[in-house]
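Presented sequentially are two complexes of chain A, the first with chain B as partner and the second with chain C.
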Partner chain A sequence: MSEIENKAENGSTESAGEGSAGEAKDDKGLGLGIIFFIIAFVACFLSGTLLFPKLLYSKKEQPFNFDHALHVSEAGDCETCHSLREDGSFTGIPKLATCLDCHYEDVLGETEDEATFVEEYVSKEKEVPWHVYSRQPDSVFFSHAAHTEAGGMDCVSCHGNIGESTSSRPYEENRITGYSRDIWGKNIFGIKKHSWDRMKMDDCAKCHKKETGHQGYCFQCHK
Partner chain B sequence: MKVDRRSFLGLGIGAVAGIAVSPMGMKLTDDSAIWTQNWPWTPVPVDGKVNYEKSVCSLCPGSCGISVRKIDNRPVKIEGLADHPVNDGGACLHGIAGLQYLYDPARIKTPLKKNGANFEKISWNDAIELVAEKLSNMREKGSPEKLACITDKEQGSVSGLFKRLLKTFGSPEFYTMPSLESYLEITASALHGKGKTIAFDLENASFVLSFGAGIIEGWGSPVSCFKANASRKTRHAQLYQIEPRLSNTAANADRWIPVKPGSEADLALGISSVILKNNLFDSNATSNFKGDLNKLAAVLQKDYSLAKTAKITGVKPDDIKKIATLFAKAEMPVAVFGKGRGDGAQSLKELAAVHTLNCLVGNINKKGGAFVKPNNQYLEFPDVAMDSIAKTGFGKNKTGKYVNQFFEEVNRSSQSLIEALFIYNANPCYTLHDTKKIKKALDKIPFIVSFSSFLDETAMEADVILPSHTFMERFEDVPSSGGLVKTVVGLTRPVIRPLFNTKTPGDSLILIAKALKGNIAKSFPWTTYDKCLESLTSRIWNSLSEDGFAVLSNGMPGDSQPVDVSFLAKNPASLKAQGNYDLTLIPIDNMRLMSAATASSPFAVKTVSDSVLKGKDIVVEINPLTAKGLKNRGFAVLTTPMGKTRVKVNINEGMMPGVIGMVTGLGHTFDNKYVSNKGVNINDLIGQVIEPDSGLDAAFGIKASISKA
Partner chain C sequence: MVQENHNSAYKFGMVIDLDKCTGCGSCMVSCMAENNVPFKEDETNKKDSITWMRVYKLTNDKPFPDTEVVYMPRPCQQCGGKGDHGHSPCVSVCPAVATDYGYDTGIVSQIYTRCFGCRYCMGACPYHARYFNWWDPKWPEGMEKYLSPNVSPRMRGVVEKCSFCYHRYQAARDKAYAHGNKDHIKEEDYQTACTTACPAGAIVFGDLNNPAHEVHQIVKPDPHPDPRNKHVAGKSRNPKIFRLLERLGTNPKVYYLSEREWVRKQGDNYLEGEWEKIKNHHGKASHG
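Right, the complex of A and B next:
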């Protein structure tokens, strides 16, 4: 008789008459089951919380390090480089031409990064392929002018204190969507402490509700 | 401790619960939602600064001003330029699709050299050296006149440089492709003297008698014509359209007068006959006729009586009389020639007969009439240096008067009449009648240099290709043409950095001239074409570079013009269509398809209706009376003396009985999957018929038969 048949036979015997012995076994099995449950629960919860983000995002280094703090102190405020055009559209990350307004001669400073900038991009007249931390999906229309000019918001409200950073942190790209981790926020649970920790639709809606009394309609942003 | 199935159950439930409580599910749901709303394979336009550049469209001779919308340095849209003297903000479908030519799959990306049946890439230096070496050998042998050149037009600095190179090299063999502009000049030359052209004041005319001119189908400067036609109703102006087919223009006209194909000249002469006989002419105007008017009148009375004209043309005698009376008595009448787009085959008899109507009713250089004005003269070329070889060569007779005769003579001659040929902005292997014969003639020319931007039917025949920038990548002056009243020069300018290893045709010529050294190099003193253009147009350069155009003359020429009708007084014979079949195949020009040097864009081809092109099959138009036995939208075999082809049939009463209409501009065979191998090229089916008195190819069609496939 095979092992399987044996088991089947035992099973049928258990269900037929050995009620008390079966109960004792059940309790034991339940206890073990709970232990396994807890182990699996904890392991999966931890991997879903800690390992999953590591797998979801790929880290990319910026082409070279950029010192925002230094540039702010040399050039002035954010608008010097991240300006609005005449038609109200936002320039975003400045193009090489804007950089050349100051970097028109050889290397200005002594950093290795600036040497890379001049050698790789300025002399080759190539745009720097920056990874943009705050780029929103293309299904969203967003006007900077409406917020900063009309709404009087400051840059920090959404972008945080990036102007004080002295180095470029790695850009984390979502492997599924291709967008930056900054949109969801660093915290994988989506919990935020500051207004700039997350840039999801709910965050827009919440602020709109607070400032304008209405969270806004779909077509205002999803044209 | 025994691991049983409950343990596994606990493990499984624990894993699911752990994952469910972790943010993974929520995050993956959100990410997949974002992913599906932004498919990574959907191209997203790059953001940047919006800016506009003024330029001129050079796809057809219309010379419309365009405003190119750019995001940073990338052109993304072409719009009509507001307040431009030619098109005032309007644009046609070809113009707005102009950007597609930049990325055309048939673009030539680098100089090419023929090696056997294929092309191989070469450097610019090697290409120029190769051309210069061949040309130097010709001069050394003392036969510079064996270099010929074909371009699209007489006017403009690039054609000017080609002519200049030929002259200093020592050859008179400069030809242009047939165009409305060339016909306007030929007509003006026959009736009013050399160096003049004709314009029609369609904006003001109160009665337009159009002999097949497709006023809303791409004739002349299309956008300007659309606007003039659109204002007709508010001006209470009338349009009578004379042609065998109910074209869009005919449908839009006050009256459509169907006429037998090829008898338009006879109808015009019949109308003249009525005007002369009934004293409807303007006696002040007829005083400008220098001789031969009486002779012409006699010819008209004899051969173009109402009854005879009616028989030839198929138009009722009463209608002829009525048209003549309406035309002569209209306040501002104008008779317009140039069938279809006006760039197909035409006979001088027809051109002259129609224009004589203008001369008889005295509307020359009057508001709403026909303007006879001097040719565009705004380029100031320095003198050409010529040595004795050049002088001897340049003094020799041309092989043919016009490009058709040129090809015919090359084919006919047993010797090598032409040893080298330059071709720029022309596609004779596609646009001229009997394309096989044209290819045969090209085969007889040992060295062909093409300056084409696209590897089209003619460029395929070349031995060396010096590829040109497209009009969006270069500077060039664009003189207005196409019978426009205003004389305007536009400046086409680079709106994008050249995408490929191409050059401005002017620069290629300057390099060739410099490589030929001596007097030829001396005649091309400029370092670049852009500098050359600036110096040639120095008088108007400021306005060209700032406004994008310069208006040379706005009003009508004030002077009266002498009229010489001796050509018509000789009573030239009307040409017959070639062949012995019962029906006549005629070309139809459709606004949505280009049929000149530049092929239609993929966008334009997509706009063509199913009644013109169904899938890959061309649809011919035929009258129900002629289409006996044929099924509407069914297949048929069309046969002409030149060959046969399978077509689909569109049976409708908008085509005269006895006539088959086939659209032009289809049936390209070069490597462009969006445009080529759709339909057939009508020029494969029609042979040329040279008008003996003028030398023009005047084949208005060809005899044909059609039967069920």
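Right, the complex of A and C next:
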């Protein structure tokens, strides 16, 4: 901004030296320059913040809507469906077999989504191809046991209030890297308000440094 | 609340009994399968092939009938560097911090997504334990379904090496966490693929810091630095056990065991007459 102003000012002083007639015209040029700059800046800014994310991320709908809040109220806490196995590994999104513990008969509720689930997946014995919002890149090793058991953290710290959601938002995938948008975060500038807004390496390192006094050696979180 | 989870440092290492090794190559095969190591159409081209674990053939150079042959498996030696302070040769030269020394385990990492392929580490490694991916891995149709999800495959342009099956350590740690004993993973819960695959039981793997582990009992690592070469630490107190190029002070965590003197002599390059003076103490510096 200031550079353009300087240029405009320099231009006006140079031409002002040539004759008094040009003075009013130069003022007009300066004003127009500022207006054009602001218009161009706003246009670029808006396209960068509104258009660019749409270009960068592709949107995919989940196979059907999943009501977390309803399941939490019916089945209990997160661990009912997302638990640690005996060997310390994490089950992640449950397989069909876990769902069948409750959904073994006909449709339980009244929602269309459950009807889809029963018709398309339960009766055909097909796994639901969920898109995983929190999937990290292949080079990342993440241990749920280390965080929930040894670290005593709760699910909300990293996953936010997903347990209270009543519908599945579309999964957004970075077209260049193929990673979920949740890794970078919803905010295109990378601004973070909650601990679960972003899941980049820096976010892991920052919390590790704070909680354990050391950000960890490479192999602690890589494979 | 600051959690202290670095209070118990492991020092994982292995001892390989060269008298038991038959050179069958099971360790190499299991390593490649376990760690998604790519193979080439022509594996005889050793400038292109990648073998995290490689079996070398040693002979005593004597004519028949005195010829003896020994096979020496060579994983990454997981050097602790001079004085065992973590300044491994490869770690010291990496300009990208793509490889670092895990002070909690003693294992040298290799982060493929961070490596940009300058290959300084390969030049620095005295053991030729590091390999460069000249090509993208090509798996035969359908074989990518057999890859281990616990080890990330590498792309062309990056260096890779043995990680002491670090993913198995991660799994063992998870198990320990789930069972509420976060500081102690069991010896049997963390064993490398080569160790478990060896039909002769020539490889023993475990924590060199833990006197209860078999590897510690065999190696009996000296807790004090070598008085005759201050760079050497963790030297075995068993004269039948040696490390490769021990006098360099790279302090590998891979020990070799042999009853035969000529085998132990192959662990380093000795001047004429030098071996006789130091054969019971191979860590000694050549110049007093």
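We take it that the second predicted complex is superposed on the first by the 180 of 223 C-alpha atoms of A that agree within 3 Å, B and C clash if a C-alpha of one lies under 4 Å from a C-alpha of the other, contacts with A are read in each partner's own complex, and residues count from 1 in each chain.
Assume a residue touches a chain if its C-beta (ideal position, glycine included) is under 8 Å from a C-beta of that chain, and two chains touch if they have at least 3 such contacts.
The shown structure was predicted, so the numbers you read here are calculated from the model rather than taken from an experiment.
**Q** Using the superposition described at the top, determine whether chain B or chain C touches more residues of chain A.
**A** Of chain B and chain C, more residues of chain A lie in contact with B.
**Q** Between chain B (first) and chain C (second), which, if any, makes contact with A:89: first, second, both or neither?
**A** both
**Q** Look at A:179 in the shared chain and tell me whether it touches chain B only, chain C only, both, or neither; answer first, second, both or neither.
**A** first
**Q** Can A:74 be said to touch chain B (first), chain C (second), both, or neither?
**A** So A:74 meets neither chain B nor chain C here.
**Q** For A:120, is the partner it touches chain B (first), chain C (second), both, or none of the two (neither)?
**A** A:120: touches no partner chain.
**Q** For A:112, decide between first (touching chain B), second (touching chain C), both and neither.
**A** neither
**Q** State whether A:101 touches chain B only (first), chain C only (second), both chains, or neither.
**A** neither
**Q** Check whether A:149 is in contact with chain B, with chain C, with both or with neither, and answer first, second, both or neither.
**A** Second partner only.
**Q** Under the stated touch criterion, which partner chain does A:139 make contact with: chain B (first), chain C (second), both, or neither?
**A** both
**Q** Common interface residues of chain A with chain B and chain C?
**A** Residues common to the chain A contacts of chain C and of chain B are 85, 87, 89, 137-139, listed in rising order.
**Q** Which residues of chain C touch chain A in the complex?
**A** 1-6, 97-105, 107, 109, 111-114, 150-153, 163, 166-167, 170-171, 173-180, 182
**Q** Under the touch definition given earlier, write down the residues of chain A that touch chain B in their complex.
**A** Those residues of chain A that touch chain B are 28-30, 32-49, 52, 56, 85, 87, 89, 91-92, 95, 137-139, 174, 176-179, 184, 188-190.
**Q** List the residues on chain B that touch chain A in their complex, please.
**A** 1-4, 6-19, 21-28, 30-32, 34-35, 37-38, 40, 44, 47-50, 72
**Q** With touch defined as at the start, can you tell me which chain A residues reach chain C in the complex?
**A** Residues of chain A touching chain C: 84-89, 137-139, 141, 143, 145-146, 149-151, 210-214, 217-220, 222-223.
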